[in-house]
Amino acid sequence: MRRLIPIVLGLAVLGLVTGIAAIMIIFLGQDWGDALFWIFASVMIGSALLVVTMRDIIRCGLAMIVCFGSLAGIYVIIGAPLLAAAQVIVYIGAISVLILFAIMLTQTKDAPNRLVFQTQAVPAAIASVVIAIVLALAIGATDWGEAAKRIRITASAMSDVLFNSFVLPFEIISVLLLAAVVGGIYLAKREPGGPS
Amino acid sequence: MSDSLDAYLILAGLLFSIGSFGFLARRNAISMLMSIELMLNGVNLAIVAFGAFGASAAIAAQGSVIALMVMAVAAGEATVGLAIVIAIYRNKKTPLVDEYDSMKQ
Amino acid sequence: MSLENLIPWLVVLPMAGFLITALIGRRLGKQAHWIPVLAIFVVWVIAMGLVYQVLSGAAPLLPGSEDSHGYVVSWFTWIPADRFVVDVGFVVDSLTACLLIVVTTIGLLVHVYSVGYMSHDAGYWRFFAYLNLFMFSMLLLVLASDFLVVFVAWELVGLSSYLLIGFWYRKRSAALAAKKAFIVNRVGDVGFALGIMLIFVSLGTLDIRSVIERIGELDSTVIMAISLLLFAGAMGKSAQFPLHVWLPDAMEGPTPVSALIHAATMVNAGVYLIARTNPIFAHAQSALVIVAAIGIFTAILAASIAMTQTDIKRVLAYSTLSQLGYMFAALGVGAWTAAIFHLMTHGFFKGLLFLSSGSVIHAVHEEQDMRRMGGLAEKIPITYVTMLIGSLAIAGIPPLAGFFSKDEILGESLKLGFAWVWLIGFIVAGLTAFYMFRLMGMTFWGVFRGPKEIWDKIHESPPVMTIPLILLAIPSVFLGLYLGLPLGASRITEWLAPVFEEGERILHGGAGEPAYNLFGIDGVLILASVTIVTVGLILVWRLFGVQIGPIRMPSRPEQVRELTARAPFLYRASLNKWWFDDLYHLLFMVIGGRIAAAIWWFDREVIDGTVNAIGAGTIDAGRGLRQVQTGRVQNYALGIALGLIVMAGSYLLLAAR
Amino acid sequence: MSWQDFVTISPLVAGILAAAAILIVDLIRPGRTAVAVAVALIGLGITAVLTIAVGSGPTPTTAFGGAYKVDALTTFLDVLFIAVIAMTIVFGPDYLVPRGLPVAEFAAILVFAMSGAMLISASGDLLMLFLGLELMVLPGYLLAAFHKSDAYSTEGAIKYFLLGSFSSAIFLFGLAFVWGITGSIQLGVIASDLAAIVAGTAPLSPGLAMGLAFLTTGVAFKIAAVPFHYWTPDAYQGSPTPITGYLSVLPKVGAFALILRLFVEGLGPLADWWMPVVIVLATLTMTLGNLVALTQDNVKRMLGYSSIAHTGYMLVGLAAWASNPAGDGIAALLFYGVAYAFMNLGAFAVIAALQKRAGVTSSLATFAGLGRREPLMGILMTLFLLSLIGIPPTAGFFAKANIILAAVQAGGPLTILAVIVVLNAAIAAFYYLRVIVYMFMRDSPSDTPALRHGALLWSGLAAASVLTILLGLFPTGLLDAASVAAHALDAAGTAAQTIIPALPN
Amino acid sequence: MDVSAIPILTIVTFLPLLGALAVAVAPTSAARPIALGFALATWVVSLLLLVGYLPGRIGFQFVETQDWISVFGIQYKLGADGLSVALVVLTTTMSWISILASFKPIQTRIKEYMISFLILEVGLIGVFRALDTFLFYIFWEIVLVPMYLIIGIWGGANRIYATIKFVLYTLVGSLLMLVAILATAYAYAAGHGNVWTGAFDFEALRAYAGTGGFADGLQLLAFVAFFLAFAIKVPMFPFHTWLPDAHTEAPTAGSVMLAAIMLKLGAYGFIRFAVPLYPSAAETFAPAIIVLSLIAIIYGAIVALVQPDLTRLVAYSSVSHMGFVTLGIFVFTEQGVQGAILQMINHGLITGALFLLVGVIYERTHDRTIAKMGGLAARTPVWAAVFGFFVFASAGLPGLSGFVGEFLVLVGTFVANPYAAAVAAFVMILAAGYLLYMYGRIVLGEVSDFLAALGDHLTDMNPVEILTLVPLGTLVVIFGLQPGLILNLISGTVTETLTVVGPSAPIAIPTTVVVGLLLIVLVLVLARIGWVLLRPRPAALEPEGGAAH
């Protein structure tokens, strides 16, 4: 049962957040965008926290998928639907699956029972909190000279950039992936002589 | 709220720090890898946000294209990383990174 | 060719003799003595020629002087360091002549004597080589015209004395004595060297004659400093208190060496130096007083020690000290002529005494302790007679040589207003007679106290040894008469007048010394000294016996014992040489050694320790920093994160400025 | 993309094609060491020719709207990269083959990494910089793990990989900030924007400060500057020795290329802000590197720490430029990079040669009596070590002198830094000399037989040693090239000040 | 004959290098003759310098200039004045003597030995030749490596500690000097509109310094750096502790070169570079340096008094003697500098010979403990005689070369400060003390049991050994009787040196210097005590017990 607690908690949080969102819309009269942003944001952060805290690594993987999903949602809100799609395809479709496979490959039975955290979890927590605070302060204190309204990114604009000014990087990416794959195959393939 | 750049940036910052916490605190190589992915996504969010609130449509497009490429790179990194994890798992029979300390000082 | 051109040969010949003998002497074996002896003989001939020329006034006048005859030869430039130029040159004036007489004559005789004395020694050739080296150095010393060259010779005689004292190097005591002699001499030499530097710095030249001419230009304190520094050098060479400790030990050397170096010649170098530079000292009268004081103190100190020594050579050594003290006292009071006079007479009779004692030691098979001698008079008559003459001479029995010179010193010091010097010298005269005839008594009279079998084998030394004794005995008798008469205007006085007139003028402001009147003060003084000597003689004869012709007394050991028991402190003090050796040992060996050890500790532990500490500290720092590298990725990552935070903070600060 | 663009990037293309060619040839003729090496060297040769051809053309030329830019610096660095990779490939087989490791993949991945480095040296905007960096380091991770059946190799690799991607994320975040501030990824534009910002009286915005912090951290990690150096010793010790040599040179120099492009050309206007940080980093880096190296008994690990120290020396050159752009700081840095590359590669090659027989460790004891066993090897190692110490007449000496000269020119705090440099050099001498002590003043524990080494290795060593000596005796040529390259950079920087902020195409 | 036509300096400098190459390719059996041959050839050529050199002239002769690293105006510039001619001839002489002397003792790795020895000679000659500060530094460092190998490979039991100490100690100093050299060069360039031409050219720099070109701050710092480098090499108190270790561990020939030539590098550096380039700084620091020299003179002698080991004793006597050199240089008086240079050469000859002689005995007894010796005069008379000769030469006996130099230094010092001279002169006693103590202890007295036990192994000197010492002895006598030979050679150097630092008459020694020194000593002692408390085990430079080989 104990292993369900985080999920229950997660659902509770989810409910709470959606509730707040509903209240925001119905009573405070905020527009849908803000509400969705709020929901996605909280879900993303929540699931991210689960990713880094949960004991069972498989659930971590699942939580990560949730996290990436909600990030995709945020991309939509920010006005980059194409990117959101890419996010879904690349991360949820590729990377997460890859990671889950890896988890399967490297799991030993007794893995979950061991300590989840390093002995240095507390200093780590402090450090990352400090980083977060510093970042937040800096961001808040900075005038980014940003435009008042965000711009929706059309597919055409994106493809234009991608295939005109960024064609070279695009090719480089392919090379990079090629190198990665070649090496990855070499490393992952089991040697006849090597250890099993 | 959804119209302020700061909100997105702070969100990105949070994601980044959570990822870094995971990286610092987790023992399992793969969960560290996942944490790195979280961090990268945080950065991505920042990039996209910067673009979206940029001066022109071109910049906005640039932003999301860059984010796209970052994803690709992340994929590449993940491939390499997982390959290495598998390789070392063969040698050490454990995914727990803090047990890989045969070389120190 | 005139004699002038021969002067360099005086030093060249002995040097040549030294080099040749040193290189091939080993092969010559028992013939090794020919070259050295020959060299010295030639030297003697040349020297005598020079002496005659100079003293008879046949020699040309010295440049820049109206009445002193002599030769000045400059040979070659030694150090041409732009302003610091040193020429090797020679000056032969009457003072040098007097020294030449002593040095070459006794030198020659000792060479001959050694042929016999050393005949059985393995290092025969070595001995003669060293002797020639010494002759070279000594002649250079008395001939040199430049302070620095004198200093060179000064050191070289020290070297040869080192080599000869340590001649029997297998004897640890000999080696130590040699070292002691050299080092104690070095102490004086440092003073001498500093004096020379001061002279150069203040006058810009080191040529003795010009220095003496221009010394007046300097202010009195500088002159004072110069004189004291020079005197320091003299103290070292002439073994004056407190640097006297080396001379008695030097008796470890072969007896001819003691006779030549440590009685007749080298130890006189100090006297010569001060006499040579008399105008400098004349300018610094308080320095002269110090000279007088130290001299006369040494005289009585040494005499008091000599009274109880039992080693025949040590007795003579202390008597040498005492007589040198006389000479310095004379120099101090300004009776320079008297000093040189005593130097010459003492050179001869002390040389005689030493050679005779050598003959005695030879006879009793290298035994030096007088308590194992006695009654040797009948066995070795020649030695006995010569030694008796020597003793009488040193005791100051008229008309032997010692009488005149010593009487001159005492008289002058009283007349020049140094009553205290006279008084002490007066007492010392008595002591001298005492210890000399104690020696005679214990050695030649009474009964033989050594083992029987030796007694049977005792025989007179070979002629090659006895003839030098006889030759030395002659001047011991007549030299005083020859040089010291006529009383008041003695021959030596007029010889040396040109050398000392300058100093005399500065000292007494030209006021010549009071006329000599035999039937006045001087006569009284003569009587007085004769009396004190007689008292001394009678005392010693009553205690240790005597057998001279009609005068016959048995020795009375029990009275001696009684006497020593009555004044135990004085006796022990005298016996232990007033504990000076022990004091120095404590100061320089024990305490000095401790200090040196402490400094070495400082070097090892502190200075080197610091160096090593820095090295080790660095490595320890490395060891410490290693620990950072735990080998765990998360630790590394945390480190990076912290680095990031610090970096962010510092950039924020920088940005805010 | 026009034909001209293609011509401009032809060296890069050639490099990538070379890598591909190696793989293809390996597919056709698997496991043929000689063939793979031959193909690789030919490919590199072509790449070099093209590089020089393009470089000797009119520079600076740009392609793809300024994304790719060839100037004297590019050519200088590219030639160095090609040389380094060629040497590494030459040194590889002697070590790999006895351990049954494939040379073809080795060579191919190396060449990929090289093209990444070339990309950095030629990139004109942030994205290219980032991609180039990744293209350079990803193969690095793979190579570190190349001996995949060896626990040490993989352990070093995973440490390297995890920390590396961590720092990449940080670096990327920094880039994001800069992009956000300036709204452009073009280095030139960035430079001029920042110049405008600096010209304005307002202090730097916190966001920009954060961006700087993240960027500095990222690159500091890549060049292994203290306190971001932790991965270095472990990765170096674990990797197969020839690869350690590679790791100690190419990624480091590549990262410095990144610094030159990003910090000097792009963030140059902010020099006043990052100079103090660089000074502190330099001091920490060289001091800690040397101190810890003092106590190492494993030569590979020791050289790892020493490479950290050398990073510190190079940073001094950077700081010198920052405080006195008119001086020779960058030229000194470049010269140092070249000298360091050859002497370090040489040293590692000797270690690799000693480890020819599998199972031989790289501990100091391995070197005992080497001077007796293999005199030539010993002498070569001595040469490289002396050069690393900085004893004349070797490249290392002149490089160090050059750095010090630049620092002295800058004056002020840099003078103190110069003194720290020489004190460090003295400390360093100790542990380098220890190796010589073992080689010449100790006897081999058991009379291990002298190994036979391939002509390939010898030729590589010959090249390294000759360069090490020649650069010390006649450094003028390289010196001129370096200063030309450096001035190209200055020109770019100054040009940037004048560019009107403009968007790509 | 006219030797100005041929690049004789280059030949002299690099002939040994040629020899090294020849040895490298030749078979081991031929190593010795080839090495000796080249050393002798170098010697002969260097004698041509004596022939061709025109003494008494200001400035350098045989100058060869060749652009090298034009970017910074670094040149390959060689030249010689009297001082360097004298020192180079000394170097070449000692080199072939040492090579000859190491024929018998060195039996392992002969090729490597000879090669390092010849390279050492290259470096040494180069240092005395270089007229370009950068080139000078390069030669300066080149000297280190072969010496490091010579001590480390062919040395005694504790050789590794000694050799590493030697190298690190020297390196620290010389690296700081490098910074100073570069800073000076830059100051020059900056003073000439950032034109580097001549920035490393010694003559240009000296001229510029003469015009007061270098700021005082730079002068002080640079001089301190140079001072460290040279003071460590000399070695001056308190930087001397590497010397005894190096001497005790080095092979005989190594010790000879170390004592005879390498110690001179520092003194040469002072005269050639430190003083002319930074005159005002030199005058500022002179009192302190004088005090240090006095300490070195007395201190070295006192420590020598209690040394149990022959080589250590001679090493500390070197410290004392070299103190005279630095003293003479920094009193800035004519006699002082002349004496210093004489002392350099004489110390080279005499101490070199002493080490050779100690080596002779060591080779037979494999021991240098004074306490074990005794009565050698009886067993090895020739050795005893020669040893005695050099012992007295070292004690500064007049007529031998040691005396003149010392006395000139003393006179020069007396001009500047009589009390300093008095202190220095005091060493005459101490020197006699430790030298005669040693001589009496090992040569005189009865044959010690240790030596007696050796039986016939303890043979007297063989012809080769005598051959190595004859030239030294001859020179000692010649220079003792005719110091003018050297004085004329170096007069130009002396006047030139003194033109920049005027013989500023009496140099007062401020009490602050003395007090400061005492304070430092106190601090060090306390530190040492603290060290003992904190870290009982003795600090070793070799962490992994490499010291105990």
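Which chain is which? They are A, B, C, D and E, in the order written, and residues in each are numbered from 1.
Throughout what follows, contacts are C-beta pairs under 8 Å (C-beta built on N, C-alpha and C of every residue); 3 or more make two chains touch, one makes a residue touch a chain.
None of these values were measured; they are calculated from a predicted model.
K.L.:
Starting from the defined contact criterion, work out which chains touch chain A and chain B both, please.
P.N.:
Correct list: C, D.
K.L.:
Within the chain touch network, how many edges lie on the shortest path between chain C and chain D?
P.N.:
Between chain C and chain D, the shortest chain-hopping route counts 1.
K.L.:
Looking at mean CA positions, which chain is nearest the middle of everything shown?
P.N.:
E
K.L.:
Would you mind telling me which chain pair, D-E or C-E, is linked by more contacting C-beta pairs?
P.N.:
C-E is joined by more C-beta pairs in contact.
K.L.:
Taking each chain's centre as its mean C-alpha position, how far apart are chain B and chain C in Å?
P.N.:
From the centre of chain B to the centre of chain C is 99 Å.
K.L.:
Where the CA atoms of chain A average out and where those of chain E average out, how many Å apart are those spots?
P.N.:
About 72 Å separates the centre of chain A from that of chain E.
K.L.:
Roughly how far is chain B from chain D, going centre to centre by Cα mean, in whole Å?
P.N.:
Here chain B and chain D have centroids separated by 26 Å.
K.L.:
Quick one: chain B and chain E, Cα centre-to-centre, how many Å?
P.N.:
Averaging C-alpha atoms per chain gives centres 64 Å apart.
K.L.:
Where in chain E do residues touch two or more other chains at once?
P.N.:
Expected reply: 168, 541, 543.
K.L.:
Tell me, which residues of chain A touch at least two other chains?
P.N.:
Chain A, residues with two or more chain partners: 118, 120, 123-124, 127-128, 131, 134-135, 138-139, 144, 165-166, 169, 173, 176, 179-180, 183-184, 187, 194-195.
K.L.:
Identify all positions of chain D at which a residue touches two or more other chains, and write them in rising order.
P.N.:
Each of 127, 131, 134, 138, 141-142, 145, 148-149, 158-159, 162, 166, 180, 183, 205-206, 208-210, 233-234, 294-295, 430, 504 in chain D touches at least two other chains.
K.L.:
What's the complete list of touching chain pairs for this entry?
P.N.:
Listed in label order, the chain pairs in contact are A-B, A-C, A-D, B-C, B-D, C-D, C-E, D-E.
K.L.:
So in the complex, which bits of chain B are touching chain A?
P.N.:
Contacts found on chain B: 1-3, 5-11, 13-22, 24-31, 33-35, 37-38, 41, 44-45, 48-58, 60-65, 67-69, 71-80, 82-87, 89-91, 93-96, 98.
K.L.:
Using the touch definition from the top, list the residues of chain C that touch chain A in their complex.
P.N.:
Touch residues, chain C against chain A: 632, 634-635, 638, 641-642, 644-645, 648-649, 652.
K.L.:
So in the complex, which bits of chain D are touching chain A?
P.N.:
Residues of chain D touching chain A: 1, 9, 16, 19, 23, 63-65, 67-68, 100, 102, 105, 108-109, 112-113, 115-116, 119, 127-128, 131-132, 134-135, 138-139, 141-142, 145, 148-149, 180-181, 183, 205-210, 504-505.
K.L.:
If you look only at chain D, which of its residues touch chain C in the complex?
P.N.:
So the residues of chain D touching chain C come out as 158-159, 162-163, 166-167, 170, 203-206, 208-210, 212-214, 216-217, 220-221, 227-228, 230-231, 233-234, 273, 276-277, 288, 291-295, 427, 430.
K.L.:
Flag every residue of chain C that touches chain B in the complex, lowest number first.
P.N.:
Within the complex, chain C contacts chain B at residues 626-627, 629-634, 637-638, 641.
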